[in-house]
Every structure is written in C-alpha cells, then in structure tokens.
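Below are the structure tokens for one structure; questions will follow.
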Amino acid sequence: MEENDTSASSVMFQRVSESFDKQALMKSIGASLVDVREGSVSIRCMFLDETKQQHGFAHAAVAFAIGDSAAGYSALTMMEPGHEVLTSEMKINLLSPAIGDYLMATGEVVKAGRKLIIVRATVVAVTDGQEKDVAILQGTMVPVTR
Amino acid sequence: MEENDTSASSVMFQRVSESFDKQALMKSIGASLVDVREGSVSIRCMFLDETKQQHGFAHAAVAFAIGDSAAGYSALTMMEPGHEVLTSEMKINLLSPAIGDYLMATGEVVKAGRKLIIVRATVVAVTDGQEKDVAILQGTMVPVTR
Amino acid sequence: MEENDTSASSVMFQRVSESFDKQALMKSIGASLVDVREGSVSIRCMFLDETKQQHGFAHAAVAFAIGDSAAGYSALTMMEPGHEVLTSEMKINLLSPAIGDYLMATGEVVKAGRKLIIVRATVVAVTDGQEKDVAILQGTMVPVTR
Amino acid sequence: MEENDTSASSVMFQRVSESFDKQALMKSIGASLVDVREGSVSIRCMFLDETKQQHGFAHAAVAFAIGDSAAGYSALTMMEPGHEVLTSEMKINLLSPAIGDYLMATGEVVKAGRKLIIVRATVVAVTDGQEKDVAILQGTMVPVTR
C-alpha cells in the first residue's frame, strides 16, 4: 500500500514538476516546487534583488505568482492526465510586507468541478523558522486540454 | 495655463517615475512607464522569455504585475507628496492569453478616499497595432507615509 | 430597420423580464428591471426598511444583489435562447453608503466566452437626480441549460 | 476562569447581537445569530420563498449577505467597544446551489490590523445534518466609530 502511495505521489510530483519546469517565470523569480499532494501543492521562493518593489520588499506580484501557481498546481493534481489548468480569476489580499528568509506558498483545492476548480492559497514569509502571513488568495482555475 | 499644465504633468511623471525606477521587478519583466495623468497611468511591457508560463504565453503574474502597478501609480498621482501606496487587495480576471508584440496596462482611480483608494486596470496585448483584452483588475490601494 | 431593432430589443427585454420576474428576491428588495440592451442591463432598487443594515443604509448585500443581477442579465442578453446564467464568482468594492432616493445598477459584458462570461457592474445612489457611486463589481457568469 | 470566559463570551454575544438585531435585512431573509467567539461568528439562515432566484435556490445575494455578515461580525469581536465595521470589499466564489434545510455561514478573522481587518467566510447548506459547501468569501472590513 505504502509503496503504491509513494509511487502515486511520485508520479504526481513528476507531472507537476514537468509543467513547473516549463514556466520560465518561476525560475526567474527564484521559485521551486517543494511539495505535491493530491489537492495541495507548495512552492518556495527566494528573495531576489530582481523582484523587489520600491520599499525593498518582494513585489506583490511575486506573492501573486507563487500563490497563483501553488493553487493552479493543486488543481492539476486532481485532473486526468493530458490536461493543464489556466487561471480564470484570482483575488489576493496582502497581509504584511514580503520580507524574510524566503516565501512559501501553499495552494489547496476547495472544489474540483468538471469545468471549474475553486482554489485557495496562503503565502507566508519565513524568518528564522518563524512564519508570518503575507497573503491569501482565492480563485478559479479552468482545465484545458494540452 | 498650458505651460502650467505641462509643468504639473511633468512633475507628476517625475514623481511616479522615481518610484517606478526603484521597482526592480518592473525592469526584470521588461516594463516601462509610458503615460502619467492625474488618476490614470499606463505601463508597457515586453514579452520576455524569462516571464513565460508553460504554454509560451506571458505568465498571469506579469499581467497582474503591470495591471497592479498601473492601478497603484494611478492612485499615487492623486496623493499628497511624501506618500506612497501599497496594494491592499487586487482581483484579476484573465480574458485571453497574453501573447502579441507587447502588453499595455492602464490603471485608473475609481474613488480616492483618505484611507483607501479604489482602483481599476485593464491589460491589453497589442499585435500589429490591434488591441486584445488580456485582463481586467479591480482593487484597493492604501496610502503609506514614506 | 428601426422596427426590427425595436422588435429585437423587445424580445430581449421580454426574455430577461421573464427570468427576472421569477426571482422572488428581486421583488422582496424592491428591485425592478429598467433597461435591457445587448450586453448591458440596468436594475433600479428602492430603499426599503426591510433591507437596511444597522446604520440605516441599504445593506451591502442589496448593492451586491442588484449589481450581480444586472451583470448576470447582461450576460444573458448575449446567449442563445434556452440558456440561463449562474454567478460563478463576484467581487464587490463598496465606495460609499447606499443612501438616497433609489439605487441603480448597470451591468455590462466585458467578454462573452463560450464557457465563461466576464462581467462588470456599477451601482449608484440617486438623490435629487444626482448620482453617487456606491459600488463596483467584477465577476464571472457561467451559462447553464434550463 | 470558566466563569470569566463565559462572562466575556456572553458580553461578546450581546454586543454582536445588538448590532445584528438592528440589521433589518438579516430578519427579512430569515437569518439569526447562532455563535459568537473571538474572531469567529456563525449565522444561520432559513430558506424563504422571498429570497429565491429563478431556479428555486436561495439567491447568491443571500449567501453573500450571511457570509459577509458573519465575516464582519467576526471582525467586530476583535475591536474595541464603541466601534462598528463596514465591508470595504468582498469576493465570493459560489460552489454549489443553495438548497437544503438551512444555510450556515461561519466567518473568521485572518488578520486584524488597526485600519483593515482581513476576513474569510464559508457558507454551507445543511440537509438532514449533512453539510455541502455553497460559497467561500474573502474580503476586507474597515473599523468605523459609531
């Protein structure tokens, strides 16, 4: 059983990873895939000089990028092979400045419909192992055939 | 009169430009400030290999980044000197894939309150001079003292 | 030509009206259909004691109800007969208290896709013929077969 | 200790209840306050003929009304006496038709800032004791002095 679970999990990671690695933006902003489960994906992101805004924090678009991607890949884990997802709409509330050692975004599927997948994500900044909420996101993904 | 207008407009452009130039992310994604009016700002963005998603289009976060910034700077044009704005929340609906010669985001202030500025933005992709809607955004900016 | 236009317009009004009249909530909050055009619908709403919140203004849910319905019916005007629309998601920014002689919501279609219709709406309060912005909405409608 | 907790809890319920009872709309749609804790409030709502939409389900605005109110009162529980809250913006994703024995909305505070309180809410339909997700909301409340 465990072997199967591991195997299924490994296939899932590979599938998400293949898509993730094709996203040049993810690499450009210093993001990497850290965890892939059914209905939940986590993405870690470094603080790069290239992605700062005028106050020296990571730009809101970075929190958006990793939150949106974590949410989107969460949706992908619940879809048949041969499909991809696109963001239809996304709402982000910014809670505190994005500053610390690194950012971590975790997405989750709230409802996986046939035509629409409703998702949520949380982005935290981690400093010396302490988490601080940076942003929460809520949105809709649509499945597309590759 | 016209001279004054031009002068006021020039001061406004300079103010927004100073802040814009400090946003490393804007440069990293190939964005530049093209128009600054009272309550409305436009930002142009190139298509870079570094900002693509897995299908070869510009990542949704790019449309978010320039739409959010155009909206934020629109708010800034209506504030007293010595203030900056931060995004409190932003909602984006994606209308079509971001592909073409370049992207253009135009932000506008819907209501400039003392504590909250409600904003909107539109992002279009321009191909051979033809515009296609890529995204619309609606959100809230908060003034902060530098 | 004009006769045809009038006729088409009249058919469109009738179609929206038929659905609108089945919405008990619209009647309960004092809302009525005032204008139906292709891609744009307006709904007027009285201020009733029954729909007030604790400060004596109309409850935010009233602005939501008529803004969402105006947006939804705007979408309906662009669909084939035999379809209805449901709200998939809606974002509302509240701009000022809902108080005055009456409220007026105007919805419009931003993009009519086959699976998703992106819409916007504005809600104003009218006092002595003067309009004041009360709310703006941005969201997604999905077509359903009756 | 427990006595104090109960007492504090009872004061909190009374405070929220006083405001809730002034909201005519809540009564009109059949909503009642069922639970008040620090940072979390639940509202129950009957299915009334008066609040239906054209398919016989409760109108999306009903889910919005109770979700928004549950979220707003959650914010109120974390504020100094003498304050009220107003919704600044709210985003709702509708997950399934609102039908069943009754609706239950539960709001929670995600971040209580001095100027802005970020909130979330979930609305479920309960049928024979079984819950089904109807809607999720994410938004911003602003404190106002009475």
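A few remarks follow.
We call the chains A, B, C and D, going by the order they appear; numbering starts again at 1 in every chain.
Throughout what follows, a residue touches a chain if its C-beta (ideal position, glycine included) is under 8 Å from a C-beta of that chain, and two chains touch if they have at least 3 such contacts.
Values in this document were obtained by computation on a predicted structure and should not be read as measured data.
Number of steps on the shortest path from chain B to chain D, with steps defined by chain touch: 1.
A comparison of the A-D and A-B interfaces places the larger number of contacting C-beta pairs at A-B.
Using CA-based centroids throughout, the chain positioned farthest away from chain A is C.
The centroid of the Cα atoms in chain A and the matching centroid in chain B are 24 Å apart.
One finds 35 Å separating the Cα centroids of chain A and chain C.
Centroids built from CA atoms put chain D at 29 Å from chain A. Shown for chain A are the residues in touch with two or more other chains, namely 88-89, 91, 93, 139-140. The residues of chain D lying in touch with chain C in their complex are 19-20, 22-25, 27-28, 49-55, 59-62, 64-65, 68-69, 84, 86-94. Interface residues of chain D, counted against chain B in their complex, comprise 88-89, 91, 115-116, 139-140, 142.
Here chain B touches chain C in the complex through residues 91, 93, 95-96, 110-111, 118, 120, 133, 136, 138-140, going by the rule given at the top.
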